[in-house]
Structures are given as structure tokens and as C-alpha cells.
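First the structure, in the form of C-alpha cells, and then the observations on it.
Chain IDs A, B and C follow the sequence of writing; residue 1 opens each chain.
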Amino acid sequence: MFLNICLYLLVLSNFLLLGTARVVQMTKYTALQGFLLAILLFHFGHTVLTVAVLLIKGLVLPGLLWRTLKKMPSEALICPHRLVAIDVIAGMAGLAFAIWLDGRLGSDLTHNLFPELFLPLGLTTLFCGLILIIGRVKAITQVIGYLAAENGIFLLGMPLMTQGTTWFELALLLDVFVAVFVMGIAINRISDSFASMDVDHFRSLRD
Amino acid sequence: MLIALIAIPVITGLVMIFFGKAWLCRLLLPVTAILHTTLTACIVREVSLGHTPTALSGMLAPDALGSLFLAIASLLFLVVSFYAVSYLADEERIGIHTNILLDHGHFTNQPERRFAAFLCFFLASMSLGTITPHMGVQWVSIEATTLSSAPLIYFHRHKSSLEATWKYLIICSVGIALALLGNILLSVAFYSKEAQVEGFDQVAWFVAHAKQANPTWLIAAFVFLLVGYGTKMGLAPLHNWLPDAHSQAPSLVSALLSGALLNCAMLGLLRGHQIMQAAQLGDLSSKMLIFFGLFSLATAAVFIVGQGHYKRMLAYSSVEHMGILALGIGMGGLACQGAMFHALVHSCTKCLLFLLSGNILARYHTYSSYDVRGMRWTMPWTGALWLAGFFAIAGSPPFGLFVSELLIFKGILAQGSTLIAVSYLVLLAIIFVGLSVACLRMVQGSRPLDMPKSPQEPLLSVLPPLVLALIVLTLGLWIPDPLWHFLERAASLVG
Amino acid sequence: MNTAFFSYLANLALALLLAPLLFGVINRVKAKVAGRHGKPLLQTYYDLAKLFRKSEVISPTTGLFFQLAPALQLVAILAALCLLPLGGNASPLAFAGDFLLAAYLLGLGRFAMIVAALETGSSFEGMGASREAAFSALAEPIFFLAISVLTSLHLDLGETHDWAFSLSLLFGGQSAGAWLSGKFELLLLPIVFFLLLLVENSRIPVDDPTTHLELTMIHEVMILDHSGPNLALILYASALKLWFFASLVAGLLVPDLGAMGFLLWIAVIFLVACAIGLVESSMARLRLKRVTTFLGGACAMAALVLIFSQMR
């Protein structure tokens, strides 16, 4: 029951991510996803990881994004609405596909391992992240998409975590943290030298 | 010893960041490289004697395959570190550069100490990735290679390199994230209440218990590993970041990316292949590897012919050779041994060529192979080595790549797949023509009148490529028995 | 004639009596949020009484239909309200497919108002009419999509074919039982209906009922030429329409609890009014172009529920 509510909220946060054109809003939803992941981890009894995820995915990474956004002009922080609509539709397709896949793959193995809804929702989160990476033109939305995709993968890995693998999950979190940090620096550079964050400006390198 | 292998570069990197005088960096780089190579040599010797050195309760335990790639990475880093000394001195002398690709705007470089430090971190993460038998640690370290090499690509702080860095970061990070999903699916496939992985030797455990794995999930896991690590490795059609990053990075970084990093990424893929084979699904994974291999060859052939940008040309040549590697490994048997040898010689040759391209760029200030003419007058050493490197990379005798490509060809024939063999030959021929047009034009051609004959090319910019050229030449003429046995052992792990 | 019938009649009477109070609640909430005291809660009743006492001014360009339209709209909305289950009691008029009739009765009322607005020959009112037509045309498919989600849900739960197509079942408490038993995706549907309420009743962020710029208005501009008792009818009709949509939301949220359920139901309806007040005080009116995005969001939510409930 509790688990289900969290999972529903997670999928809702994905669609909010896909459905909003304002990047500032998107960072808030990213933080929401971090909190939800932390709650789920707590539910599974990984206390150390709960704290780590809460700190890194719930606070530090959205904070980093937020700080990056602060330096941007406000008109640079709106995505084209046409793309938003397409993204939402693509996200729906992703959700439908994930649920279908879950029905196809469902076996004793998965039922033992994954609680109900876990597998399709993890996949949906991954898809939504990928859609954000491909479907928006801004560098920062690509980072947000990367985070969402990573959240989805993290969710899928959650039932497999044991006390013995905590070190690995921490290393993984550190990696993601450094990745977003480096990307944040790169975004600052991009907005400095291109006077915009749109990846559309990247067209000097091609064959 | 194994811990030192990673600790030494990390510590020197930190030292460089915090006390980074230019002379210190230039001194520490070769010293680190020499230490690292010495340690690597010891490890490789032990592994070749049949021992498995372990450290950190088994988290570091190189097998033949891993230590082969470790040796390649270490050797290239050694060569590059000497080259870097002269390169960095040269860059410092110039100071403010002009962006010749985009808008002729001016730009400066990143601080040298940061560059040198990230080179060391890059080495450390590559070493970790090659010597661990735990796929999770390997994943973490390969992601770390992405992150530590991104600042290296952005050494020249201008728009084009920023674009390349961004593409590299996003595409590779997402690819690697998919590889993580592959790792998770792998764990799902092996999930059971009774047996859990003990210790860190995941690969061996997976191979030993492969029969109990759920085949559907195992295949899904391999597909994701293939897509994930394939992105990093530069297999077409996932190679988009590769030409951009290689053309915009400083030449010595391109050399390391192409020669060492791509191999490390391939290692992750090979682990998946190893497990698939143990689970009797090797046919399927081989087919996928062969398909991606041929597709990469074809893509490279299309883009190399008529390519006017010589660093991009080299980058596409890397795509080609990664394709050959995937093809050889997918074929198995003799082709697989050939592929192991190919990895070694290709890395040396590509490193050689990229280092030379740095020399050319410094002298001619252009990326266009049409504007580079008469290298044999203006820079005779570089010109001669460039020619040798071209013959080597295109696979002509008497260089090592000829032997390895021939071995792979024989392996394909031995499997009886004539169609693949023919397309392999045809694609190689096309690429040979494409490369030769550009390379010969650069070396020969009329002597550029406005450019005086340079009496001295800096020793450190020519000596490292020369050493590599000699290695490739020697390996083409004579493969030492111990080396061959070692390659055979590495190849036997993946078929 | 049994008790169920009488209690339904009592509920209907209550709806007719309390509907204008919803406007009072909305205004009071908005005033409180803005830090004012606000109009009296019963202001709409006073307005109605005043308007009924006044005489009417009729433009010479209009015809007979202009005078009939308000009454027609009121009757249509009243009839639609009679098809809804009220306070947990199924409507005595319920039949399979009555949601179609309800939707088109609302459509008929709107049609009457649009034609009346066009009859005045004023360009402002024509503009308002065209906007009203456009937005309601966009809102209607979403209404049907949401209804079809509910229908398929109840068919899955094992209802008979006839009954599952009736508003009295869909909004009669069983739906709430479904989400209470773990189908949390259904909780998106009340939000969808709430968004539809905002669109259909011309509330912020789609339309601003208090604006005085004819160029930006939708509903208010259509009734500029009405006055006296006819304006009172229009005002009362829009109150009933608000009650209709609020009871759709309440019907999904309140489970079947008997007498307790009835009180809860009334409470939810007034909570919806409070929510409208809160939305209106926290948001600005959207640009006309953006209304489609707003409706698209509602549509996406309904589709999300459909995917969730049907694919599993």
C-alpha cells in the first residue's frame, strides 16, 4: 500500500517532468524523485543508503542544478511547448510499453524479486529520462533527463541490494554526483560562450 | 602492488592539483608513467606465469584479458607522458591561441596542472577498470574514465571543443547508464534465494553458475551491456561522439582515448560475452558482435573516403578497428586470438598517428588534409613516421596490423563464413584507398613555399611516435612466444 | 414511490437551493486569501432577487430566440443534473448511456447561449461565442475519455453491461471504493474533472469571471446584452452547472457510506468551491493559446489512468 503510493507518485513526477516547460519547475520534480527514492529505500530497510540518497539526489544535485539555473537569463529557461506535448505523448507510449513488457516478462523469477509495479515503473522512469535527453533542446534538460534515467535504473536495482552491496551503491551515487557536477560546470561554460543553453547551437562539428 | 597501481596516479594527480607548478607537472607525468609501467610489467609477468595477484579481498584480481588491456593502457600512457612534456611546453609558449575551426576567435588553455592531474586520474580509472573482476566496480571505473577525460577534451577552451565535450559527456554517460542497467539485469538473471555471489570475483561466479541463469534476462542484460559499453567503445551506430571528441581533444588525449580507453570499454562488453558463452548463448552474442563489427566497418568506410579533416579521419579509423575487434571476437577461435593481437597493435599504431597529427597541427595550423602538403620537406621525421603509420593502420605488411588482420581473416574463413570474409576484405580495401589518398597527399605534394624547412623537430615530439612505430614494426615481423601464449590465454577466456 | 426516490428528490432540492451558495464560498475564499473581508456569503441570492425584480432591456436587433435562450439553458442543465446520482442516491432516471445525454444536454444549453450571443450582432459577443464553442469542443472529448476510463474500470470489476454505462454507477460511490482498494491511479480522475470544471464554468485560468475587458472574456462577454430576469436565469444556470461538475468530483471521491456519505458528499462539493477559490487567487488567466496546453494536461492525465487501469 505504502509502497504503491510512492510508486504512483514517482510515475506522476515523471510525467510532471515531461509535461512542464519551465526548467526551474523541473529541478523541483527532480528533487521530488530523489525524496521518493529515499523513502522507498527506507521501506526496504537500507538506512545508510536512505541518508545518502536523500542528501545527494534529494538535496545536493537539485541544489547544484538550481545554482546553475540562477545564473541564466529567465527566458532561457522555457522549453518550446510543442516539444513538451510530444514528450508527454512519448512518455505515455513508454509507460504503455513498459507495462506491456512487464506482462510479457512476468515469471516466477520477477515476481519473487520485484514487488508489484516495480519493474514497469522503473522502466518508465528510465524511458522518461531518455525522452527528456532526446526530446528537449537544452543542455540542462539533458542533465535532468540523465538524472531521471539514472533514478529509473537505481529503482530497478533496489530489490537486488543487500547489506553487502552498500559500498557499490555509494560508489554509484558518488559517480552520479561527480557526473552532474562536471555537467554543471560544462553548462556554465556553454551558457558563457554560446550565450544560450540550447543544444541546437551545436552544429560546428559534423561531417 | 595492485593498490599502488591505482594509488600512484591518484596521489600524483592530487599533488599536481594542489602544488601544480608547471615544472613539477612535467616532471611528475613521466615519473608516474614509468612507475606505473614497471608495476604493470610485474603484474603481467605474474599473470603470464599463471598466478592471480589479488588485493583488497579480491576486488582487484587481474586475469589475462584484463592485464592485456592494462598493459596496453600503461604502455601508451608512458609514451604519451614523454610527448606531453614537449607538448605542454609548446602550448605554454604560444599562450593565446586562435580557434582555426570555427570563428578564429581567441582562446586560452585550461591550467596545465589541471590537465596533467586529470591525465593521472584518467590513468587510474582505466587501471581500475581493467584489473577488477567485479562488474560493478568496472562500471564505476568506466564511468570515472568518462568524467576524468571530459576535462581533458576541453583543454583548449573554445566553442568547438566545448561542443565535443558536451556530446562526449552526455552520450557516454547515458550509454554507461544503460550498461549499468545491463549489470542489474545480469544480477536479476542470476537471482535466486539459495546462491549469492560471494566475494568480488563476480565474473568467475557468473561463468561458473551460468547454466542456472534465466536466459531471457541474460540476453536482455547482454543487449544492454552491448549498447552501453558499445557506445563508449565507439561501435557504429553509437559512435557519434567519437569523431567529435577525438578531433577536438589535444592530440595526446585523442591518442589515449583511441588507444587505451576504447579497449577498456570493450573489456566490459567482453565480460558479458564471456558469461553468455558460459550459458550456451554464445552464438547469439557472437552474432550481435559480428553485426555491430561489420556495421562499424561499413560506417567507417563511408566516412573515411573523402574525409578532409585528418583527425576525424583517424577517429573514424578507430571506429573501423573497433569494428574489426568486435568482428574477430564474435568469430571466435583463431580470429579471437587475432583480435587480441589486433587490440595491441592497433592501440600502438593509432597512438602513433594521433601524436603525429599533433605535430602536424602545430606546424600547419589546419585540420584540413587538403591544406597540408609536402610534409617530407617541412618536417621530414614526422612525415616519414606518418607514412609508416598510415601503412601500418591500413594493414599493409610488414606491420603488426597486417598480421592481426590476416589472422582474423583466416579465423573467419575457418568458420566457413565466406560472405563475411568477402565483405570484410572489400571494406578494408575501401578504407585503404580512402586513407591512402589523404595520407599520401599530406606527405608528398608540392613543397609549401611559404614555410621554411624546419631544421629541428623537438626530440620529444618525434621520439615517442618513433618508439611506437618500431614496436609495431617488430610485432609485424616477429611475435615473441611468451606474448603469443599470453594472447592465447586472454583469447581463450572469450572464445 | 419508495424512500430512495424521495431522498433523491430531497437531494435535488438541496442542490437547487444551495447551488448559488458555491459562488459565495468561492468569493469568500478569494477575499480571505487576498486579506479582505469580502462580499456576504449569500450575495448571489441577493443578486438573483434583485435581477428578478428588474425589468428587461432588449436590443432591437435580436429576435425571439434571444429571449428564450436563458430559459432553455436552465432547463437543459437542470435535466442534466437530474441524471446525476446526488448524495449517494442513484438517479431514478438512470439508464445505460445516460452520460451521453447529460453531456449533450450541457451542449444544448451552451448552443442556446452561443446562438443568442450571435443574434445580438455584436462583434464582441460573437468573439466570445466562438471561444466558448472552441474550448467546449476541446473539453468534450476529454470528458468522454475520462468517462470511458471509468466505464472500462467497472466492466473489469464485473459490473453488468447496462449498468456500467450509467452515470449513477460511475459516480455513485463504487469508483471511490476502487481507489481505496489500491488502484491509486484513479485519484487522477477527480483532478481531470476538476480541470474540466474550470474550463466549462469559465473560471481562472481559462477565463476570468470578474474581468471587464471584453476582448479577453469568454463567458461574461456572451451575456453582455442580457438583463433583468433573463440574466438571473443565466446566473442561476451557471450556479447549477458548477454544482453539476462539483458533484462529478465528489462522486469519485466519496465512497458509499449511507448517511455519513451524504454529509461527506456535501462537504466535498464545498471543498471543491474552496479549491476553485484557491486556484483563482494563486493563478493568473492563461493566454488563450495556452488553454489548449491546459486541456492537453487534463487529457494526458485521463490517458495515463486509462493506460494504467487497462494494461495491468
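Before moving on, here are some points about what is shown:
Simple rule for what comes next: a residue touches a chain if its C-beta (ideal position, glycine included) is under 8 Å from a C-beta of that chain, and two chains touch if they have at least 3 such contacts.
This structure is a prediction, so every number in the text was calculated from the model and none was measured.
Under the touch definition stated at the top, chain A and chain C share no contacting partner at all.
The interface with the largest number of contacting C-beta pairs joins chains A-B. Placing every chain at the mean of its C-alpha atoms, the farthest one from chain C is found to be B.
Rounded to a whole number, the gap between the C-alpha centres of chain A and chain C is 37 angstrom. In terms of their C-alpha centroids, the spacing between chain B and chain C amounts to 66 Å. With centres taken as mean Cα positions, chain B sits 31 Å from chain A. The multi-chain contact residues of chain C, meaning those touching 2 or more other chains, do not exist; every residue touches at most one other chain. Contacts with at least two other chains are made by no residue of chain B.
Of all residues in chain A, only 1, 4-5, 8, 12, 15, 19, 81, 84-85, 88, 92, 95-96, 99-100, 103 touch chain C in the complex they form. Those residues of chain B lying in contact with chain A across their complex are 101-102, 136-137, 139-140, 143-144, 146-147, 150-151, 154, 157-160, 162-167, 169-170, 173-174, 177, 180-181, 184, 187-188, 191, 193, 196, 214, 216-217, 243-244, 247-248, 303, 307, 312. For chain C in complex with chain A, the touching residues are 182, 184-185, 188, 290, 293, 296-297, 300, 303-304, 307-308, 311-312.
Residues of chain A touching chain B in their complex: 105, 107, 109-110, 112-113, 126, 130, 133, 139, 142, 146, 149-150, 153, 156-157, 160, 162, 165, 168, 171-172, 175, 178-179, 182-183, 186, 189-190, 193-194, 199, 202, 204-205, 207.
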